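Common to both upcoming complexes is subunit A, partnered first by subunit B, then by subunit C.
Here is the complex of A and B:
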């Protein structure tokens, strides 16, 4: 475990099997393939991508409190979801494209805002992310006020849930997104060494010839795209992207070449475990963000005490 | 050798028993309908029709009659568990829109039959009861039930009193023209002070209540009592508060669920209103 993050695959596989076989419906082909399999796929995708991106951003912005939502992308996607609900569409056919279109819009806004005399600085990036977050959050609330859907239903959609059914069309689009995401993740991973150097200080990075401005720009765009994908499909599941990179760092030290893949595998595992809890413990299905936070907060606290 | 054959015999009989059980289950499934209700009022209708034996699942809000509490819970009203519903292998799922649009879409994808309950007024509620009766094979009973409800409703006539109905205190929510309850109360003679608002459940400003000066306040939620409403700033000038005509003793479910118990609620309201006005201070 100490040196090779790929060993984390084994617990993940065990959790996948657990997740497929546990549930109120018992073990039945139809339930496993139509209901639990999509959940598991989305869980691996969302947990993995959010944690990976969280790890990258924490490294890049040298800020341990960064999560993928700090760039304002999630709020754009949330606005897309509320807007599609305003027009009465709740089907899985409409919501992800709508959400993604708006996450692209917020990406564009943040990108434009963050440019100070043609250059993107880390600080301006965070500030414009937060600003756009506020803008789109208030717009979402505005859209919800006018929407005829009950508020609880909207909150349920936005807070993040893996309860998704695939029709052949949505399955296809999900798989395409999944493959694109893997390519983008690989792309981000190729910056791991540069992130390592950058974490020793920006001057040091510049002195060994790293174009930090370009690095910030590329990482920002790719991370935003990835976060947009996730939020469009499952809503903004909180806490995974913040806490999992810290767990990875506790296990594997500070080398991003190890932390990032470990974050992916750990994130998937944590989200699947949370999902098992969310759907089996109570008579009602709990919102996923609630469960991830319940798992995440104690660990985060423990880490803080040891810093 | 003898022991081996004994083992094989035991094994075979075990398999046989399993097969028998399996067949028995198969035939049972064909014989009776399996029904899931995601709407408390529909659960009440199914019980009223005497078809509760078909009900294999309902929600945590289905709390009437007592027997409804004991039925397997598939989750809450807005977000029931799809897996639990599918695991029950229902032939038909009763739900309501727009609140349950998400789960309806999912059930449609899985080709599970759904029945949408969306009564606009008393008449459509009766039609729905008849339709549910037809679906569950209790047509006669449904007809007589709706006939009984219709007659009972006709007997109740309210005086033309201006009434303010509150279904939530924070924010203050009342019922508008398009709501089920407002329609019935208006048709039976009461005046809902917010019947000019199109929305089903509009959010109200306290100024509007004062301006419209209701003669009776009807509280239909468990969160505030008479005393609390009397103390609300500004309301002391309203007729209803001055004459003490604030009603909080009716179980909200009686009037807000579009089911057979609504008659009970209307009768209670009627008897309270016809006992001396301004009786209490």
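Here is the complex of A and C:
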């Protein structure tokens, strides 16, 4: 059992090269840089951040079924997307900030709802996250019903895809968001030991000297921001945030100092592989969530049998 | 100076307060056994002292300073709290769990140092689980897991140990072993111990003082032979057991009787 998660960097680099060279049009400089490189960066961003945040939340909320969407953020962003499409064809530049604005709105709702006599508790976070998810999902479907856009297109946009067309401005904004995300991830990583202890119980954490309430609040806000960033750009990619941390734990144990970086690298790799699969196997590009679910389900089944 | 001084504490889970203007002083080096019926406030009292619960009024003074005026890590260095049961969702290794007790001595990003590993080893040796250090925390017995949690608490190097009915889920062999360890910690390292128990006889075996609690009030707080008396036990538990003296130790011994 390899004990050093940074070794995962090598397969990731190999997959990056693979992703850059595969696809219609062969190996041409222009295609690689204009079309595939942004796609690869998006894939690393989405897969890495979702898996990292999934790992953090599973530890924080002591729940192996958590994924980044449990906090209700993705459904808010999805609603933002479907709302923006309500008015016919909208320039793609509009969508990410619109989606992010609504993910902030759902963050605000979840945060406010989760307060029980001025304190935030893990259970109330999960419950209010689920509540807001239902609310915004229903509103999204309502918006889709009245939308002028064909339904297929909306599903394609919402269910996750890496084929975003970048203009220089949106590319710049994405790179800035990517760098901010890396900083936020590093910040979360600095609390890895606190997350370790908190994952063994809230009372254990308090009695050892951790300010759990401040920690939960901070982790929740940062996780929501990061999830909002990802969903605003690529839609809701399912399973990655849920399954990858479990793979990391199977390989490296339970110490967050190992599984968080491992989750990031594994998640990026897995998402890029899924993306290669999604765009090369069928004449039509498959929605990414479908591919990740197809990979995720057998893995989960295998893990279940080992229990 | 008192290790713990509770001043006019008020606290309740509902509108009705369980503790009302509750005061108690515990000198340093004390070994206090807390007994009383369910609902009397044993667990609540320990959680209030540990800082896991906040009183609505009054103060908890630890070595002269208000508990909540101290920073969380400072509290972690002073007070160790051990709950009745510990469930671990993730199967950390025993040594990983024990090392978590060193957290109050670390700064952000500080990795464990050799000193931490040595202290963890010492704690595991004291609690007799050193041979289990590489096993998963969920792959050992309940008694061993309790001792692992105790080892973690000991790594905090606390001056005060709070133990909430820690022997309830242990068999008699495991219970005696834990009590022996606690007695050793109290006499050798002068750690102030407070522990709650349903078993009055076990408490009397190790405690220097017994606190008899009922409905959030002090019924008696004194040496075992001054507290474990038939009239007091009947008042609190509504049964009248026989009280005799332990044949080997000079402590009161409760003998239960089905017929009265």
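One rule holds for everything that comes next: the second predicted complex is superposed on the first by the 304 of 307 C-alpha atoms of A that agree within 3 Å, B and C clash if a C-alpha of one lies under 4 Å from a C-alpha of the other, contacts with A are read in each partner's own complex, and residues count from 1 in each chain.
As a working rule, contacts are C-beta pairs under 8 Å (C-beta built on N, C-alpha and C of every residue); 3 or more make two chains touch, one makes a residue touch a chain.
Since the structure is predicted, the reported quantities are computational estimates derived from the model, not experimental observations.
Superposition of the two structures on subunit A shows subunit C fitting alongside subunit B with no clash. Once the two complexes are laid over each other on the shared chain, residue contacts for A:283 go to subunit B alone; subunit C is not touched. By the touch criterion defined above, A:62 reaches subunit C but does not reach subunit B. Using the contact criterion defined above for the overlaid structures, shared-chain residue A:35 touches subunit B, although it does not reach subunit C. Set side by side, subunit B and subunit C differ in how many residues of subunit A they touch, and the one touching more is B.
By the touch criterion defined above, A:249 lies against subunit C but remains apart from subunit B after alignment on the C-alpha atoms of chain A. Judged by the touch definition given at the top, the superposed model places A:11 against neither subunit B nor subunit C.
Of the two partner chains, subunit B is the only one touched by A:163; subunit C is not. Shared-chain residue A:210: touches subunit C; no touch with subunit B. For the pair subunit B and subunit C, the minimum alpha-carbon spacing after aligning on chain A is 43 Å.
Per the touch definition, subunit B reaches subunit A in the complex via residues 60, 73, 75-76, 78-84, 86-87, 98-99, 101-102, 105-106, 109-110.
Contact residues of subunit A toward subunit C in the complex are 59, 62, 64, 190, 193-194, 196-197, 199-201, 203-204, 206-211, 249, 253-255. Listing the residues of subunit A that touch subunit B in their complex gives 23-26, 28, 30-31, 34-36, 88, 90-92, 148-150, 152-153, 156-157, 161, 163, 165, 167, 279, 283-285.
Subunit C makes touch with subunit A in their complex at residues 50-52, 71-77, 79-81, 83, 86-93, 96-97, 100-101, 103-104, 106, 108-109, 152-153, 156.
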